[in-house]
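Written out below as structure tokens is the structure these notes cover.
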């Protein structure tokens, strides 16, 4: 309980023999007591991925020094190696983008308050003012940024959202049922940290009103998908998905109500994994070490 | 146990008040002891659906006489009324169309042998001879009907399959991982009794090699869909669907292996519900009274 | 949307032929437009159960007059018949009993605020003061009733809780992770409306610290159970249950965190079904028409 | 596809720093190309567990030589270290114990035939002759060993079963709905390789007729549990569990039918994991690296 701080290494590199040995030898030299370790070798792309968590108390040096030392190991693993060393003791920041639907906002704020998310919610931004009271009740700043009806005139609003978000330098920007499609340059700017919840089991029912699409098709399960935002709509790397059973007696509003539970679960799981440094993006896909 | 025979009424008609009263009054007049009854009113289409199962032993007249008597009630409910009176004591027949994958065949024959399906498997037709021994082991006739490489030349093969199937006058024609796309006229000919298992969670991953598509997209759940066959590929009314969790460590062959379990479950459930007169088709969708 | 008010008949009586006909004839006479109807015949106990929902707008008389008229029908069905006619237009009241765990309280208040529960939360009673701010933020009265350490001396506290609850005459008293075992007489007093959430898949792990028990046993799924409170601990009729997968890497605190999601889902579903008059208790079991 | 042979190290030892480094250094020295690796540290017992799979083709020496070399490493990790080096190229043997229920037998033989289990089914032993034809159809020897009515007189039968099983020196003895409780000494004799499927979600409904118990209690989910057999009835370390939803309309025979699907899934998964050297037993619990 009192020894919960972790240093977490997240790494991807071209696969070959000896990688595990090299990394674990390094960690052992530093005195690192490994509490979680996971590997994945992708035979298709020939890539290797790992996540290793050590007790911070078992390492003599600080996180910055550790990063510096590990840089040499990473260099040995080749120029394409991508890695990060995460310190669970550093409190992270999240900014939430919302519209009118309250359930994901309620859920995330409740979880943050209960200590379930390793992050502080720094701000909430809404394209409508409706959810300001929910943020207020939690003592979190709320920004109302109106959006033009005409999609061609929404540029200034997106600029304003970008400025508000970036002022907090968050580790995650969560589109918690934000109903605006981010412009490509903003997707690029927040690459790897903008997280969306889409209320269908993607790739089914891309775009608007997925429950209406699901109802029309007569599917027997509805779902939700948490994914990183990319320029292609609802096509970013998937972090988490889940489904719930429906039947012919469920009207669209029943699907909306039941779907909310799945959206909340899927978004909160995906966000927590992101914040705990459990997710690696590789091409269109993710490796999630849970 | 000894009083298991049921007469099952399946009916759809335009919704209005008094339908339940009219039908239940009729059944009460015949002495019908209702053991299962289900209703559904679809506010979108303004249609009403019901399924009612009574103990055959509680009805004095035979099923043919009962059908004749009920025809008058159905007429009162309007000219668009569609209905059927099913006698669970009449053993049904199923013909299976297969290719090389054995798991659905094994599963259905095992269930039929164990009394789980209220039907006899009359014949198995394969576009390859590989599964003949499986049918043989169960003492069921197997027909090998070769198919030309060129889709344009497959007409005679489909004609032959049609003749074999129709000779058994089956209540269900099951495409148990049959890898041929039925021509439109055959879909029409077997409308409402040709049942397919598609190895994805439709409408995701229509067409060929859905597990490959799922792998490429990086979904976190894979699924299977049991649906009636219509002329539009993989777009018929869905009877049942289910999913199973996968992750980054699952290669395509792992998906294939895990997916088989879902295919077997979904197909066997969908087929059983069809045979137990639990499924009503309405437009592109189904009402399934389970 | 504007025609959502329903009169809901919930009835249980000894099974015989003609019950459905009698009830539906009655409803048809009143002009009742049935939108949902469900039946269940239990061959073991020889009992028949039904739930029928009609549009209030289709009935000419008021709910009290309708109750009076139906009483004659019920009398025909025998002296053991139990029934209720519920008016979805009458707003219901719920009182929540809590302790220190906030997640179920947050969840239920969020759902009530979002219109997901057909009820008003009238009051929250805690044996600790910790959750007062959560109730305050929603503008709901909070009562702190301290409990003695010695179980033998808790009588006066239970009396006080009883008085607070009864002053609101609620349709449901929800033990939302309330950590006190209700005395038998209070169970009796609130029979059929006191609803508890137990954080295990009952009947496994009755009593205290079920996650610790689950961890010690090494189960691969953990669950939660929503049930009516009876004098026998954790043995009342089960309304709803669900589970979530765990594995060897999940410590007790992981189970606690993951279990919360299941507790919230199961409790909110069970409570909603209770408030929508979907649950009939029969002996140790429930019939739930969903 | 052509390089599928694996050497798999399974190891448990008291936890300390440097274990991963020591093992991975050893594997790297042998040229081992790691394709799967998993770790678990149990803070409660202070124990460390790992499973590492390397391509057999990447190791210059044979499995026996590799075992000999690794013994020195294991010795360094302390005298309590338990380990095994498994060669996926060595075909394993399974003996099945059955009674009258055919579904698990059908399922396992079908999977074995389809290449889904890395094992040969060497023999089937039944306390009734009923399932002999199923074994025959697969060309597998069947032994009928009658059991006395009086439990006190079953010793000779168990001795005979033991002799038949041991003659095959199997890696797994599967109680595939075998209805006899193994005597303690046989549990001991087959410790760690006798695998049972129990048709409930343990620890609920231990012992006989669990579906009847589930029906009487009114649970909303039924399940199955695959576990190692120990002298205490239905209390051995759990390998896998799963559940399926039921409701008030499901009679016992419906539970039996639906439960079969879960039994088959759970048993086949548990057995496959056992045969793929994915399961470590520690006290009453298992570590399962999937």
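So that you can tell them apart, the chains are marked A, B, C and D in the order they are listed, and the count of residues begins at 1 in each.
Here is the rule we go by: a residue touches a chain if its C-beta (ideal position, glycine included) is under 8 Å from a C-beta of that chain, and two chains touch if they have at least 3 such contacts.
These numbers were taken from a predicted model, which means no experiment stands behind them.
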Notebook entry, point to check: Which chain pair shares more contacting C-beta pairs: A-C, or A-D?
Noted result: A-D
Next item on the list: Please flag the chain sitting at the greatest distance from chain A, going by CA centroids.
Entry: B
Notebook entry, point to check: Comparing each of B-D, A-D or A-B with B-C, which pair has over half of its contact pairs in common by residue number?
Noted result: A-D
Next item on the list: Compute the distance, rounded to whole Å, between the mean C-alpha positions of chain C and chain D.
Entry: 41
Next item on the list: Please compute the C-alpha centroid of chain A, do the same for chain D, then give the distance between them in whole Å.
Entry: 37
Next item on the list: Give me the residues of chain A that touch two or more other chains.
Entry: 36, 43, 249
Checklist line | Residue ranges of chain C in contact with chain A within the complex | finding: 36, 102-103, 106-107, 110, 113-114, 116, 137, 249, 257, 260-261, 265
Check: For chain D, which residues count as touching chain A in their complex?
Finding: 16-22, 24-25, 27-28, 31-39, 41, 43, 58
Check: Of all residues in chain C, which touch chain D in the complex?
Finding: 40, 42-44, 49, 201-205, 216-221, 223, 237-243, 247-249, 251, 284-288, 290
